[in-house]
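Presented sequentially are two complexes of chain A, the first with chain B as partner and the second with chain C.
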Partner chain A sequence: MYNQLQRLNSVVTFALTVAFVLMGVVSFTSLYQPLDASANVKVKGIRLRQGSSFPDYYNENAAKSEYVHLAMDIDADLTKLFHWNTKQVFLMLVAEYETPKMATNQLVLWDTIVQSPEDAQFKLRKYRNKYHFNHFSRKFDTQSANLTFYWDITPHIGLLQRQRQGKIPMKVTLPPLSYK
Partner chain B sequence: MEILQTIKNYSIRQMLLQSLNFLLVLSTAFMFWKGLGLYQNTESPIVVVLSGSMEPAFYKGDILFLSNPKTPIEIGEITVFKIEGKEIPIVHRVIRVHNDESSGKQYLLTKGDNNEIHDRGLYKRGQMWIEQKDVVGRVKG
Partner chain C sequence: MSTITTLLEGTIDFRGQVMAETVTQVGIISSAILAFAVGYALQSFEILLLVFGGGVVLTLLAVLPPWPMYNRHPVQWLKTTSSSSVSSSTASQKEISASSSTETKDD
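Moving on, here comes the complex of A and B:
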């Protein structure tokens, strides 16, 4: 009545259906996982200088631009963000400020990829910013900026989840320009 | 060869019916694709990752679902953008956002998680920023 091909066909179809239903269940349930993590930053040193201490490629105005150089203490614990559907957590430290011309300015100063809960705790001391902290134009048009942590959970399957640190962001006052 | 024989035995009417069925399957798939694109406001609602520059978030061959709402792009979002004059879209994360209030323009800088430096080397010569019009889609999952 049934030949081997038909049997194989029904087995494969059933397996695929089960796999897709399972994928749906996993991606749906991971949306309702409790997410809570802590991240803190303390600014230990800040300097505003003309020109960067590390090369700013493709920026023709680099020598004439103002750059903020930071030394930061970063403490973070992202262990609780890891559940069965977490592939990685992307942690970003973002500087945010306003200027009269530009309504919002957001710059990633430091980021890291965390792939396992064992590596999810950070205690960095006097850490320098990894990316350049300079304005869209050459000079900063503002006196202060906020530092905020953002993280982005990449799942194995399902929707990306973005979150920002709920605590009050840290205020940084830009010092006057100093020369070398 | 049996199949060829059965096809030969078909009348013209049957042949036409078969090909119509086949076309229907094709056009359904195409309509589904375009409909999804219209709903998500992007020209390609589903993309496949081509390079390893976003590892370990996305590996080559991973499938991404995009949407492209009008709202401003936020920092840390993963966008798919096309550089003028280049055919291949790029999937990278936004690491800098400058919103110009007077013109409503957004100036963005992107970087692949797995790359050492940002993407200005991939942009057009002398291009410092990409704008919202360059962005094809924003990765949702």
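Moving on, here comes the complex of A and C:
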């Protein structure tokens, strides 16, 4: 505190220490915010088709696998997830199913990033799945799958929180192959 | 270089240093509390950062320059003495330093 540079040093270091404590308090409070969002999906159309992930015109024996094509209505209201320490919300629609060999299989079918509470309420009609819905063994060993929403809440400061849709997941029954 | 150092020197006296320390602590801690309250009330992280940053800038303005309130108690140095009494004065200074060292040990 004797001369100006020493005062600058002590003020800035003390301010940084207090800022660290302040950020800790902020991240602690945001852990206990009431977080309830609603996101629902309705399957309007479903088709099971066989094909390759991209067309291979020169190789008729190219590996083909079964793909599920969906048309979905998505209603979501994530405004309650936006409190003062929310930077963005990552919403994803996950298909979960069991096969005789594997107890849990999870596939992300669709996702979106919501960055402001104004964009957090949306109704999407007849959206197709954004990512391929196929099993890694190329054939589905199962007849049904559950569609569930997950969301990651990215804070300005603190821990990333992942939440699962609280309600009963949407059940999807796979139809027979419609195209070979 | 010497001109820059003299410009940045801005020394203050001992009482002023204690005062500057308290001003720093009170200013920054109160601005942190105010920033948290305002940010939580308005539900805005940005406002929290702005209030805290403003508080730090105000504290810097209050503490950094050698304001006259920090120089109200300048150190009164002893007057220079003649060569005959130098030895006695150094002896008394040694006593003082010895006593002060014991005090610090007690702390």
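Methods note: the second predicted complex is superposed on the first by the 166 of 180 C-alpha atoms of A that agree within 3 Å, B and C clash if a C-alpha of one lies under 4 Å from a C-alpha of the other, contacts with A are read in each partner's own complex, and residues count from 1 in each chain.
Please note the rule applied: contacts are C-beta pairs under 8 Å (C-beta built on N, C-alpha and C of every residue); 3 or more make two chains touch, one makes a residue touch a chain.
Nothing here was measured: the structure is a model prediction, and the numbers come from that model.
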| item | value |
| --- | --- |
| First, second, both or neither for A:V108, with chain B first and chain C second | first |
| Chain B versus chain C as contact partner of A:F28, first or second or both or neither | neither |
| Contacts of A:N3 with chain B and chain C, given as first, second, both or neither | second |
| Partner chain in contact with A:Y57 - chain B first, chain C second, else both or neither | first |
| Partner chain(s) touched by A:F90 [first = chain B, second = chain C, both, neither] | first |
| Partner chain in contact with A:F20 - chain B first, chain C second, else both or neither | neither |
| Chain C versus chain B, contacts on chain A by residue | B |
| Footprint overlap on chain A, where chain B in one structure and chain C in the other make contact | 157 |
| Contact set on chain C toward chain A in their complex | 8-12, 16-18, 20-21, 24-25, 28-29, 32, 35-36, 39-40, 42-45, 48, 52, 56, 59-60, 63-66 |
| Residue numbers on chain A that touch chain B, as the complex places them | 27, 57-59, 87-88, 90, 92, 94, 101-108, 111, 113, 115, 131, 136, 150, 152, 154-155, 157-160, 162 |
| In the complex with chain A, residue positions of chain B that touch it | 56-58, 74-78, 93, 95-102, 107, 113, 117-118, 120-121, 128, 139-141 |
| Complex interface listing, chain A residues touching chain C | 1-5, 7-8, 10-11, 14-15, 18-19, 21-22, 25-26, 29, 83-85, 156-157 |
